[in-house]
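Each of the next two complexes has subunit A plus one other chain: subunit B in the first, subunit C in the second.
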Partner chain A sequence: MIRVFGYLLAIAIAAGLLLAMQRSTPGYANLTGPIPVVGKVGDLIETRRFDVTLETIRFARRLHFTRYGRNHERDTTGVWAVVTAKFSARNVSVTVNSATWQGPTELRYSASSRVENAPGVLLGRRLEPGLSPQRGLIIFEIPADQVADATLLVSETNWPRLDSEARISLSSPATGTALVADMLDLNRLADD
Partner chain B sequence: MPLLNIHGLRQSLVTRIATGIGGAIAVIVSTGYSIVAAIPSVEIPQFEPKAPIAAGAWQVVPLHASIHARRPDGNPMPQGTRALIVELDMTNQTALSRNDFASVLAADPLGAEMKGTPTYYLVRDKTILSTLHPNMTERVAAMWPLADNVAVPEHVRLTITAKTYKPRDNLYGAPGWFNAKKVAAVTLPVARSD
Partner chain C sequence: MTIAERRWRRLSLWGLIVVLPLVVAVKAYDDAREWWQSSELIERLVTVGATAQLGGADWRLADIRLAAERSDGSAVVLVQLEAVVRETGMTMRLPCKVALRDARGQQWLPTFLPPAVRSPDGKRMTTTSCNAAMSSKPQPGAQLTITESFILPRAAFDDVTPTISMAADRPIFLRFLRKR
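Moving on, here comes the complex of A and B:
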């Protein structure tokens, strides 16, 4: 009888131990998540394979651009956030494909594909080490309540795994007293 | 030497009984599964047009269906086909920008003429829809090509598929959306506009 009781106790302890181990194991997403490199607007932020500097952030209700001889106008239910940034490769050729606007409540807005073919768009451009940094635009479409206290996440891929992710704080005054223009001309911004 | 090996007999009896019980359980369980599988699936809830439908990551408001000679981007349809266009309002209910809207809408059961997933267009830009951002509702046009020699249906029945969020999936323990399930059906009259 005592022996049976001993067996049951051993099984219960083992089960409890396994449950505790299972519950306390960090998830796959956490274990293989991005490695953050933090900074703020104007800083040179050095990630594993590229450097990034955010220069300015502008807001607008509408965007206008000309591409292949056709005029495009893009309106939105929220606002457009147009970020001017500088990218450069460190020691190998890289393409930075992902930029995300993370709002104050951690909602994540990826760079808008509605202006993908606009001039001066920076994502997807190939960067070569040793050549001068590339300047261009990263454009987001966000609701008006996501403007304040945002963070910009920049990485080579959408889901960086065990790789750097630049996290650039956009907190006030850069975005706190946001001036929203009625219309921004992307061709003019790209030429600046 | 005993005439009868009592111990061996008992052993074989126990084995036979155990096998019998096990076999019986297997038969009962498999019959039970067959019966459960044969039960007709629960009727999909029917929604009115223009009623908001919660579909996991998405909120969908089907608005109207119509037949057009041109695609929602303004280009003509290929020779011998027309476009069956369903307009709807879609809202991304999650915290991330998403582009996995293709599996949300299906025509049911209209058969051969409306096979597969539709092509989605962003009405605001008259372009192919690529991404929907959190809490930003957009008017979307879903387009099925319809051959000219197929009679235009009076009504189109659509089903809406939702997935369930799992903070940890069973394979990697990574968060994601799984287990697609039809959660709503809506019937729209098909208008002939041109």
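Moving on, here comes the complex of A and C:
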């Protein structure tokens, strides 16, 4: 009787352990997901194939730029976040195609396509090893409540699989105290 | 526990030493094979002026020249390779990868080149990239001239050597030595 009880107890413990292991095992997407490289504004962040340094972040309600001789203006019901950054290739030619603004509630915003023709836009530029870092702009259109405690995610592709993803902490103040300019001139920023 | 049961238990435990690595090998085989076939690991040196066989064609480095120098210290380099096709089905071996490599392991990949350019000596030259040439389904005996352009630091130009690999033939790749 005691022996039977012992067997049942052993089976129950084994089943419990197996269940705990199964529930705690990360999913396939997480196991093969991005490999984070963490840093903050101003740090030189070294990923597998490129380096990135964030310099400044500015916010504005409207953006102005000139392209092919024409003036363009973009407004928003949220806020424009204009990030100035430098990219450089490490050992092989590379193109950084993905930058995502992750807000405090983990909502994600891709770089805006409304200004992809603006001067100085950095994403999609070819980087060659041994050449000087390329400096430019990454621009996001985000709700005002996504400004504070955000993280910038930069990688070669969207949703990198077993590849580096730079995760840069953006220490920006809460909306109420953030300096939000009425207008930013992207041509002037690109020339700086 | 009887002697027979103890023997089976011991055999089973020792058997794990064989079975566990076997399971890892079987599960990882496909991924390992994919990695092996997508990497450039086995180098075949091609001496100056010589031809070498790769992917159903005979390859030769025809020219590597500095096309332009820029004020930021970068340079545009043109590489020309000649290939004589020996087998059919070249398209099946795509994509091909032409690169410039230096001794430090840095690697430059081709940039976009328009179909016709002016060479540094002023002549108009048509250009065909490696993938475009192979996609045209060349027949055995066809002679192809492949031109690729690269942007790299001017200081690196003297040390780089062109390499080429084709997907179906990796991990083997050719490295062409240059005239010094």
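To be clear about the criterion, the second predicted complex is superposed on the first by the 161 of 192 C-alpha atoms of A that agree within 3 Å, B and C clash if a C-alpha of one lies under 4 Å from a C-alpha of the other, contacts with A are read in each partner's own complex, and residues count from 1 in each chain.
One rule holds in what follows: a contact is a pair of C-beta atoms (placed from the backbone, for glycine too) under 8 Å apart; a residue touches a chain by one contact, two chains touch by 3 or more.
From a predicted model like this one, the values you see are computed outputs, not experimental measurements.
Asks: Looking at the combined model built on subunit A, do subunit B and subunit C fit side by side or clash?
Replies: Because the two structures are overlaid on the shared chain, the partners are seen to fit without clashing.
Asks: Looking at the overlay, does A:Ile11 come into contact with subunit B only (first), subunit C only (second), both, or neither?
Replies: A:Ile11 contacts neither subunit B nor subunit C.
Asks: Taking the superposition as given, does A:Arg114 touch the first partner, subunit B, the second, subunit C, both, or neither?
Replies: First partner only.
Asks: Quick check on the superposed pair: does A:Val92 touch subunit B, subunit C, both, or neither? Answer first, second, both or neither.
Replies: Once the two structures are laid over each other on A, A:Val92 reaches subunit C alone.
Asks: Is A:Arg126 in contact with subunit B, with subunit C, with both, or with neither (first, second, both, neither)?
Replies: second
Asks: Under the stated touch criterion, which partner chain does A:Arg74 make contact with: subunit B (first), subunit C (second), both, or neither?
Replies: In the superposition, A:Arg74 touches subunit B alone.
Asks: Which touches a greater number of subunit A residues, subunit B or subunit C?
Replies: Counted on subunit A, the partner with more touching residues turns out to be B.
Asks: Considering only touches as defined above, state whether A:Leu19 meets subunit B (first), subunit C (second), both or neither.
Replies: neither
Asks: Kindly classify A:Glu141 by the partners it touches after superposition: subunit B alone (first), subunit C alone (second), both, or neither?
Replies: first
Asks: On the overlay, how many Å separate the closest CA atoms of subunit B and subunit C?
Replies: It comes out at 16 Å between the closest C-alpha atoms.
Asks: Which bits of subunit A are touching subunit B when the two form their complex?
Replies: Per the stated touch rule, the residues are 25, 27-29, 74-78, 100, 106-110, 112-114, 116, 141-143.
Asks: Within their complex, state which residues of subunit B touch subunit A.
Replies: 95-97, 122, 124-125, 127, 130-131, 133-138, 167-168, 172-175
Asks: Subunit C touches which residues of subunit A in the complex?
Replies: Those residues of subunit A that touch subunit C are 91-93, 126, 128-132.
Asks: Under the stated contact criterion, what part of subunit C meets subunit A in this complex?
Replies: These residues of subunit C touch subunit A: 72-74, 105-109, 111, 151-153, 155-156.
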